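Right after this note come the structures.
Next, two complexes with subunit A in common: one pairs it with subunit B, the other with subunit C.
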Partner chain A sequence: MSNGLLHPTRRGLLLAGGAGLLTAALPGHVAAQAAPIRIGFQLHRTGIGAAYGRWYERTTQAALKAINDAGGIAGRPVEILFEDDATDPKRGSEVVDKLTQADGCDLVMGTLFSHVVMGSAPRAGELKVPYLVCSEGYHVASGALNRWTLQPGITDVRAQISTMAPWVAANLGKKVTMVFPDYAFGHDHRDFFTKAVAEQGGEVIAQIAVPPTETSFTRYFPQIPAETEVLYHVMVGPAVLTFVKELGEFYGTGAKPALFGFVDSLEAVDTATPGLEFLEGSHFWEAHPRVKPADAGEHEAAYRAAVGVDDNGASVSDAKDISTYSHMFSTWETLYFIKQAMEASGYAGPADRQKLVEAMEAISDLPYGIERPQGAKRFNGKTHQVFGTQSISQVQGGKLVKVHTTTIEEGLYEDAVDYTTMSF
Partner chain B sequence: MRRNGLRVWALHLALLAVLASAQFWLSPYLATNLARIMVLAVFAMGYNLAFGYTGLLSLGHALLLAAGMYAAGLPALLWGWSAGPAFIAGLAGGGLVAAVLGLLALRTAGVSFMIVTLMFAQAGFLTLLYFAPVTRGNDGFAVAAASRSFLGFDLSTDTPRFLAAFAIFATGLLVSLALMRSPFGRTMIAMRENEERSRMLGYNPFTVKLAALTLSGLYAGAAGAAYALLFGYVGASFATIQYSILPMLYVLMGGAGTTLGPFLGALLMFALVEAATGLTTAHQFIIGAALVALVLFAPKGILGTVRERWAKWLP
Partner chain C sequence: MAFGPFLLLALMEGLVTAAVLALAAAGLSLVFGVMRVVNVAHGEFYMLGAVLAWAVTGMIPGPAALTFLAALIIAPVLVAALAAVADGLILKRLNYDPEATIVATIGLLYILQQAALSLYGPNANPVPAPFEWRIQLPWFGYSGYKLFVVLAALAVLLALWTFLSRTRAGLIMRATQVDRMTAQAFGINVDRVYMGTFALGAGLAALAGVLVVPIQQAQYLMGHDPLLLSFIVVIIGGLGSLRGTLVAAVVIGLSDGVISMFFSPTLAKILATLLVAMVLVLRPQGLFGARA
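And now, the complex of A and B:
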């Protein structure tokens, strides 16, 4: 035996050397073969959210490629499973189930429409799987959901609306008439804007709620008081074109109030569409200016190139395919938020999901960078909601031109909930 | 007859035995979905009582589903009711709304009945949106954990949820089977087959149809309440036309006027969606094509065709 040690045979040396080489190669080998992180994406591929869904998918694929090209998350490759929820709350909860239980995803993200979020979040809470929504609804920060549901990629509608009021009151007028769809989205605008504009010394002098099934609006326009200085409109869906066209016919070439709207009305719609001429000179809220502003940040060009959008906000392969630019960045930023929290928490697998949520709750300042092309953000771990800057753009020559940017602070409001005190 | 009776009960009890044991041999994912399917099948069984057996082609059953869902969900949200009373409220809500709907809509028949029920359902949907401060409108609301407990069991966990869904389904199935074997069940079928002749024989079509629609509403109400309490969400989307069409599809696929058809339809529809979404992003095309094929080649649905060709004893 000792003879063997003192006088190694050639075969023994080869074996030992081979084993040594294998051992040295092992860590690299393991890293290359590491099980991928699987992220489930609840996608509005069909149903009323399909136009948004198409761009959410493209943006997410672009972010995924960027992250994997840079080494993945904590050295592990990332893969994303997209599952259509038909923009329906019932199917939404089934999709959360499928992605988590059948497909074994580490977490679920990506939901936009509020009612799908409301329908799916209870199931995510039951399955104890992190559920990161990109919805801009106030539902997360209001406390209506649970410890597992977070919104780290987009400012909620309450903050968005509140930041618009000071600018509207100072620049467009103090007597506001609101026209809004008569359901949750419209009611958020009605409630938050009315309060915010009153704080600025302005007044909402009429609130005109339009049933969501309405297809013609002419009978509502006579309800707009003559002394109206600002007409605040947030109609959505296919009715937008009719609404704007009929509004133009109503006012004709005579005096009209200043118009202010939310670009949600015109996401995926070309502002130069015939029939929308009446919007010329009017203002819109935008989260992320569709037309590249002259003072755009240093990462704007790289982000646009990655998601395949030109300087006008249209697809580089089809100028008629307008993006949902003011919302889709949220999926990109959410994916980078996941990366940051997973790396901070040392996430290894589903057993670490609670640790992952705690790491997310511990995140606060999110500086501007390629991870956050829309702008710097501040995440509130207690309310699970992120806050960012907002923009106001004016339609000039059929294009949206950015004229104002708010600060993060303008959108902050008192906490309505502390999710960190809730049990998992 | 007696032999058929034994065969029928044995078939139904065997199905229930298989379903009861399913939670032990299915994956948690499939077991949860089976619970969903059983709840939706209760809705479809109710639809089948009205459409399959009595011949009332309604396009307004979403209203009845939503009535049960909100009658159970709102007391839970506003006053913190627990699952037991909330479920009973949902059951009653579905039945009551169906009775009122019937009093008004049953003055019409055929296509007019379809349109009137559709209009009522649409009015119900808009009412939910209009009273958004109470109903939470389009967004809906999550049912609090405290309201999702029944006799100390947490209905948001797998086993109690499955058992609750199974209990409601089994009750619904056995009641509908007993009903179809009862004289009243035969009167319902008589209304479907020939209303004038039934009237001549001394039956009052209005009261029979009203009773059938109310029963149907009880089923829909039970399903709506069960969905709210077992899956924790209440929302106006359940009052949209889509949820009037779904039970019709389940019933047509499984076999209208068969006791097991609604469950089979709900099960196959789920399987079809699962299979199609795994194959292509154009999954709705596959589902549509499958439904068209079904209507072309088996217009009586699967169990309707089986009954016609091989098993005339199927109820």
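And now, the complex of A and C:
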């Protein structure tokens, strides 16, 4: 036998391979008989969004289990097909295509990075498939996309910023320098914060755009004017840790401006990492505080247990595996939003997709509950955008401690579009 | 920031880029000079160096300085061994045909990259620097480790130069570079020289990867930029010329540092590419290359 293992015959290999293929095909076959609802998930499993993708998948799996354990959607079991888009816009539209046409998914959800959303949404519109993004970009509410694209699980950058600007101007300083990634998501920050802080009597004195694939940042720091009172930073991708470290090296023990960052600059990064000491005392926007606050809601513990995150925001199985806590709840809430809309519209299959979108547009009040662990939300059917509360946390002793929470009302703004008047 | 300190920071940043670039490009240049193989997979050896450094520092217990030193030795040796195997399995069987090896190394690039993705994963992981020492200048602070990278690269390049010009193995390598047939006629085992050269080139790239990883983090896609810049450096300096590579690396590194700080990083890349085009038109053999 040992001889057979070392020198496999062609027949032996074929037999083994065939058996493997059969085993792989079997579960899919069994599941197909139960006629489940199929949801396609456009996942950033690889590429610059990989850390987010990892946690988006875990959170979605947890929500899926909770929903199926409670009887599924309208009594039907739910299954989710995860498809990697490599955080690439071109690949993104192919993934939407594959999930819809080849895999027969009822709808597609889950995209985070705004350039992938921009690349994929037009294809979803052409295929007339509901496309539910978890991306924060203002592109949905701005009217740039289409009737099939909605953002029901996370607030957008414009709402986040309009609640942050008054606090920054009142508590940290009025002369602000911004550092942001040089694409759609960063431009939303640039445009809305510059406007919002001006309304508070403040001023953005420098805007530093960094290409999204940049790996070294020291060269950008001299552009920060010396009179800067607040340095506003929002960086994403694999280089975030480098960014924060180099910022620390650059300012060192010398005088430095107050720092206000979006937690995107630190998602999946441990705030107690050596080299990040200089963040002590600085403030961050968070959607969903990573470190469990003392006044956390009643469903916080159950949600953390379901997604496998401890009270510090790290994986329960690996304390070094830090979650993307301020973003991942959006996949959980989006899945429950789908459940609510499907049950309200009596959704039976792809022929009812239009009815489904109309049912989603009719939703407005979304109260706090295990379905929405981040907090109560208000959905605007006209702009396809949800609104919610925001938090500000301060790094104290290497940990993010929540110091302020906004109301939903502070983040509201006038509608820029009415998608319900557009044709399907 | 005032002009003086601004320029100083730009030069320091440029010097670090130049140092890493010089190491990576020296490997590429060596492989082309001796073997006439354009190694498109060169950037992946750089990436493997960084990824292995992460693995080694994670597996060996002990202080950061010690584990990093271990990575500095183990990672390049492993990558060099892998390159030697690739040479025997792929390049040798293609008889080092210039066109065929380009296609083969493109394939190798994807194999290594996807293997890293499968085994190492898509995440960027930090490797702690061997020492946390920060220089506080009156105008700004600077990482002491980055200066160490410059010194280490200089030491390695000096060692490489000594090896090529002062040892018997180096002599054999240079002889093969000048004329493969004649070298063979003099009893030199050209196959072994090729294998050793390919391993050495990959090892240099891996060494650059290890040195850079405490600054940049290890990620499976990190091989792209150094590959492009190495080609730029090697074309400007002259393929196969170590001196040219060093001079071009310093020129490209410093200009990248200064231009990207005073203007924009995109402009720095545009100018570097323009420089390549000018060199190719006006002096195809490069600044220091011998006429083919």
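Points worth noting:
The rule we apply is simple: the second predicted complex is superposed on the first by the 369 of 424 C-alpha atoms of A that agree within 3 Å, B and C clash if a C-alpha of one lies under 4 Å from a C-alpha of the other, contacts with A are read in each partner's own complex, and residues count from 1 in each chain.
The definition used in the following text is that a contact is a pair of C-beta atoms (placed from the backbone, for glycine too) under 8 Å apart; a residue touches a chain by one contact, two chains touch by 3 or more.
Quick caveat, the model's predicted, so the values are computed rather than measured.
In the superposition on chain A, contact is made by A:Arg123 with subunit B only, not with subunit C. Once chain A of one complex is fitted onto chain A of the other, the partner contacts of A:Gln101 are limited to subunit B, with no touch recorded for subunit C.
Contacts of A:Pro89 after superposition on the shared chain: subunit B is touched, whereas subunit C is not.
Once the two complexes are laid over each other on the shared chain, residue contacts for A:Gly153 go to neither subunit B nor subunit C. In the superposed model, A:Thr46 lies in contact with both subunit B and subunit C. Once the two complexes are laid over each other on the shared chain, residue contacts for A:Pro211 go to subunit B and to subunit C alike. By the document's definition of touching, of the two partners only subunit B reaches A:Ser114; subunit C does not. Of the two partner chains, neither subunit B nor subunit C is touched by A:Pro373.
Under the contact criterion defined above, the residues of subunit A that touch both subunit B in one complex and subunit C in the other are 45-46, 211.
Taken together, the subunit B residues at the contact with subunit A in this complex read 27-29, 32-33, 36, 122, 126, 129-130, 132, 136-143, 156-157, 227, 231-233, 235-238, 242, 274, 277, 281, 283-284.
By the touch criterion given at the top, residues 1, 5-6, 9-10, 13, 117, 121-124, 126, 128, 132, 134, 136, 140-143, 215-217, 219, 221-222, 225, 257, 260-261, 265-266 of subunit C touch subunit A in their complex. Residues of subunit A touching subunit C in their complex: 45-47, 50-51, 53-54, 211, 214-216, 218-219, 221-222, 226, 238-239, 241-242, 246, 249-254, 273-275. For subunit A in complex with subunit B, the touching residues are 45-46, 83-84, 86, 88-90, 93-94, 97-98, 101-102, 114-115, 118-119, 121-123, 126, 137, 139, 144-146, 182-185, 187, 211-213.
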